[in-house]
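As structure tokens, here come the structures.
The two complexes that follow have subunit A in common; it is paired with subunit B in the first and with subunit C in the second.
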Partner chain A sequence: MTKTNRKKIKRYMEGEVAGLSIFLIVIVIAFSLASPKFLTGANLSSMAIQLPELGLLTLAMLIPILSGGLNLSITYTANMSGLALAWTLQAFGGPEAGVEAFILGCVLAFSVGALSGFVIGFVVAYTKAHPILVSLSMMILMRGIGEFMSHGKDITGFPQFVQNIGQGEIGGIPIPLLVFIACAIVWHIILSRTRQGFGTYMLGSNIMATAYSGISTKRNLIILYTLSGLMCSVAGIIMLSRFNSVRVGHGESFLLITVLACFLGAVNPFGGFGRVVPVVLALIILQVLTSGLNILGSNQHLSTALWGIFLIAVMVLRWAWWRFSIKIK
Partner chain B sequence: MIPVIQLSNISKTFGGVRALINIDFEVMPGEVHCLAGENGCGKSTLIKIISGVYTPDPGANFTLMGQEHKTLSPAQARRIGVGVIWQDHALFPEMSVAENIAIESFVGLKSKLVRHKNIKDVAQKVCERLGVSFDLDAQVKTLPIAQKQLIAICRVLVSDARIVFMDEPTASLTQSETKHLLDVVRTLTAENVAVVFVSHRLAEVLEIADRVTVLRDGKKVGVYDASEMTLAKLTEKMTGLTINPAVVGQNLTKNETVLEVKQISRTGEYKDISFSIARGEVVGITGLLGAGRTELALSLFGMTRPEQGQIYLDGKAVKFKSNLEAISSGVAYVSEDRLSLGLIQDQSIENNLISTVLDKTIVCGGLLSFKKKKAIVGHWIKELSVKLGSTSDAISTLSGGNQQKVAIAKWLATKPKLLILDAPTVGVDIGAREGIFKIVRDLASKGLSILLISDEVSEVYFNSNRVLHMSNGCIQKEYVPARCNISELEDAIYGKNI
Partner chain C sequence: MNFRKLTITLTSLAVGIVSSAGAMAADTELGVVVKIGGIPWFNAMEAGIAERAKELGVKAFMIGPTSADPALQVRAIEDLIARGVTAIGVVPNDAEALEPVLAKARSKGIKVITHESPDQKNIDWNFELASAKGFGEAHAKLLAEKCGGIGEYAVFVGSLTVPLHNAWADAAIAYLEKNYPGMKLVSERYGVAENVDDSRKTALDLMSAHPNLNGFLGFGSQGPIGAGRAIQERRKAGKIHVLGPLSPGQGMRLIKAGVISGGFMWNPKEAGRVFVTLADMVVQGKDVTAGMDIPGLGVVNPDFRTRNIIANQMVTINEDTVDELAAMGL
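Here is the complex of A and B:
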């Protein structure tokens, strides 16, 4: 192993990634000791199918948070994108629609997501309104349009190949999980290796100083919210294909969980710092907790409550660690 | 007489930087005590310790009004009678004069409710006591800076301050306003209130002070009776330099012109400004705070647009729509506000440094190359000899001088034609300042044109080929340091015999 490689791995293992990995290993061991059903193929594959929905929405939330903002419209933007695809498929014959219709529908779905993000970014960049307010307005707008046009009903009846996307596997790995992995890699590259990503981190720490350095913060904001919107579209399409239906309110409860997942993944809630890898680890931890508690027979609502306790505990532990590290200095 | 304040063995360490080292400090009732020293010598840190904002390192002893204290919180300090007038006044701009003055009388005291009726009475009483008058209903943000200063003084008196600290109170005042302020200070001392006056304007210090405590690089140099001090002696104590540095002698105006500004104006900021800078020339701009220096610099940097007049760069007329255009035409601006504009404090040294030249690290495929990034960062760290642990540390971990070097380096990396340095030594300790000016002279000798803005007259005088005096948004006069005395320039700025 070369010296730089060793250094790289060392840096990687430091801090958040190491902490989260250790915690993940501990809970996996704990659950597999507690129940023989935990480490079975069936459970693993059900986890692999459930993870991507929250995961994709969390990626959509991640970039705005890094810029010091938020995107509260992610779930409704995802469902509006899903609706755009659903209507296109229905217009072309519902279950009889062809691949061309699906592709057209996806283009429309992505347009909806991009437009939603673009508008948020544009308003945030030019009016300097707070992203919470702007994206909240977008959330209400998306929900209103969606409910108006779908009458709040489930839209269903899609071709078989669309369901295959949501429920199928390639090489034993569920397709939604593959999509999620691909998206996470793309996000990682954008954030660590592109001008856009660099600018996002910088403006998340101090937007004025970033502007003074000659980075176009307006452009960066518009692009980053558009990226967030596009990721919502991916989530919308995956949700449609997995449930074989679309409803405006799907995944509503995910919204705040995505913020917490980012936080658990050591993303600075005020912007400027955070990486994709720890966020993915955080998502896996949340999924393992849910599935594990489920197998142990706990009530679904109780496990939601346990997430809350867990996240509060993380906050307190981080604070304690921070105090401790100051002391030993 | 018992001293109002007696401190001993005060030290303060920030990270690895020792801002104060074993300071003893004592103020008698009714005394005007000056705390003198250059920027970064620890004056502000000392005030923050006395007012309870910072906790000193262990081993410190406080005796306030004859009582010993182990620790001090801001509220406690206030109760005992320590009043501080911060440099930015810390007023509430949206509230009225009366509310600002009386705020202490209804915050945190016995009554939980605000009695609006009393506010004006309280304010009025204090104004009479000080012999000043205001429109008590005016919103504070509409008033000039000198009035805000007086309001801040009235405010600390409401809570019966026994000792008042004034942090650089005259930095933005004109001569007559300064005179008025000094009169107010005398009124206070006549009432046996002690005043600690922090300033780096020595003439003023000698005029008003009974005693002077001089700090240098976090250490106490000594306490002196003002009557025994002269300007020259005090300067020597403050800077530790006895030799008079030489001025920049060369006349470079015959070199080709890099920047030429013709009669530019912007309402409320600057008016009818014309000047030029030749290749390799350092032109200084000095004047009081609020003279329009930074506003002018921001227009040259494309952040704002002049409403009239024309800017020429290398002979070509330019109209920058944004600072991006200014940067690509070769203008670089090192902000006076390193904390919030010049650098992104939380981010790493390397990210700050490449933020202006990110495009140079992009390789084919549009992806950032870590190797190139490292090369650029390494080059500039070495070039300006920045002292640091690791380039991935946050820039806030560096000392002021090293931060400023990074702030300059990030602009030099853009290979500018014109470098605007706005107050480059703010928060930089003396030792490191000389390093910054050495960089400035080196750059100029390599042909870079530099606009040096500073309110420290000696800085522009000793480092510029020409000096422009700016006040009220206009350039008053041009001085050539090689052909005039520094006191000529100082008199023009502060007015004679303050």
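Here is the complex of A and C:
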């Protein structure tokens, strides 16, 4: 990569952050003007509580996309992790279960997530099957096991402290949001400062060249899908504490939105390029859009169309910014 | 780095513009979160909500998530709490998953009304327009009348694991056993009524196996349609009677051909109206009492322990009403 090229890409990335920030400010101002209830503490905290579930799943989707793949099993892996924790809590007395049971349950939940990711990574690495096919199979498997073992029913009744994780606040910031921020920082560090992260970007750019340059692509693929699975477990645990129940299918509608959030956050659909910060900004934008439209009480049929308009607007703004920043070079 | 500076300034600006919370309105403002938006059933409910809100001069609107995912309902309710509505209505996808967020709403003084969720805990009231028993019995009674009180009948349910369909079937069978001893159930119920083809095939088989069969009860939207087609094929219209809750639009032709006798349903538009009526009552501090006459519910006999108001306001689907119901898109 030549120096000018690198500069160009760097500028492009900054353009992404600035472009998304400007768009965010525009819609925040627009919604504030449209409704006095938008910029209130109540709404900001409501948005802060809602963001993490989707955010964590988006982080789980991000790393596979960067490597040029996809993980379609994220929501059901999160469900299965949640079920593992729920059953552990139930086995230790449901509402009376202690902290030890919760910790054991979390370990099991993480094991489920890691195993799911590991299997996807292993199959993708060794059979060279397309990740869409592999993770789709894993999604069906997870869903099937979950439905078989839970009979599609809710598992509910957890100790108060578990609910507090989902509902509580520390210093006015909801705990799920703190968890999300911590996970986003970890993801940022992994992607920008570690061999694994570097390898992931390289895989997404050119897997052949990566293999020839001495990076173990198989190892890298297995680790990156395992990481994705672990993040699903975090999402599953947070959803459990938020809803005080687990059922196969909770959050299934998030799957496509996580992909959308990644692409909106300037992640290259073919892998190789993308960062955590713009994706987080994209998540905030999506949250502002849904909450804003709900607060306005706009017509439901219209709001779907508005979503589309907003998304197209982001693409246009991005293009405009890119043209602009290249010209002034 | 100008861009970075700009970014930081803009982001901090965005975070910085935080004004204090607005004052809560004392007037009734109701937000109803339904299972999913954009389908005829909930479009009719939305029409009912808007109509009744206009009559009472209150603010009420409906939110229909883009998919029937409980997580989306939770998010919509969070937004309603933030908006500061005085009442929230819900038709839950998953009663359990909503409990924490409904508890949060109630802790903020928001009144909560649910529909089709009799086991919900964190609510002010749940209302049903038809009890499982009343619904099953109404169908059983009509079937017995059509068959003249004597004959053999079979029962279809959506699936053997759908609690509501089986509760209807239980009530219907028990009613016929008690009141019409001449009506004989030919076999166990069949879990085919969510599938037109399965219902049709099962009905054809049953008609061959039981020559005296003269009635079908189909609890599940496709059951009556499938059985109706089977009867049409065998040219037994008028001799074998089919009843069940069905989609009026889908069943219109068979009803008009006299193949399906009809059935009962509850009207989602009426449910929408009741949401507004009830919400306005509780927000204005006028709580529900036994024997009260509430528009849309009739004289109510609420269960104060489970917070359920169960009425029997069924709509009859037959030759005369099917056009109007189908015109509503149902």
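Annotations for the structure displayed:
Convention: the second predicted complex is superposed on the first by the 288 of 329 C-alpha atoms of A that agree within 3 Å, B and C clash if a C-alpha of one lies under 4 Å from a C-alpha of the other, contacts with A are read in each partner's own complex, and residues count from 1 in each chain.
By definition in this document, a contact is a pair of C-beta atoms (placed from the backbone, for glycine too) under 8 Å apart; a residue touches a chain by one contact, two chains touch by 3 or more.
Here the structure is a predicted model, which is why all the values come from computation and not from measurement.
Comparing subunit B with subunit C, the partner in contact with more residues of subunit A is C. In the superposed pair of complexes, A:Gly171 makes contact with neither subunit B nor subunit C. Once chain A of one complex is fitted onto chain A of the other, the partner contacts of A:Val17 are limited to subunit C, with no touch recorded for subunit B. By the touch criterion stated above, A:Pro36 is placed in contact with subunit C alone, subunit B being left untouched. Of the two partner chains, subunit B is the only one touched by A:Ser213; subunit C is not. Contacts of A:Ser45 after superposition: subunit C is touched, whereas subunit B is not reached.
In the overlay built on the shared chain, the residue A:Ile189 is in contact with subunit B alone; subunit C does not reach it.
In the superposed model, A:Met202 lies in contact with subunit B only, and not with subunit C.
If you check the complex, the residues on subunit A that touch subunit B are 189, 192-195, 198-199, 201-202, 205-206, 208-216, 272-273. Looking at the complex, you find that subunit B touches subunit A at residues 303, 322-324, 327, 333, 335, 340-347, 351, 355-356, 358-359, 362, 366-368, 410, 414.
Residues of subunit C touching subunit A in their complex: 1, 3-4, 6-7, 10-11, 13-14, 17-22, 31, 37-38, 46, 61-67, 69-72, 74-76, 78-84, 94-100, 104, 161. Residue ranges of subunit A in contact with subunit C, taken from their complex: 11, 14-15, 17-18, 21-22, 24-25, 28, 32, 36-37, 39-47, 49-50, 53, 151, 154, 156, 163, 166-167, 239, 242-245, 247, 249-254, 290-291, 294-295, 297, 300-301, 304, 325.
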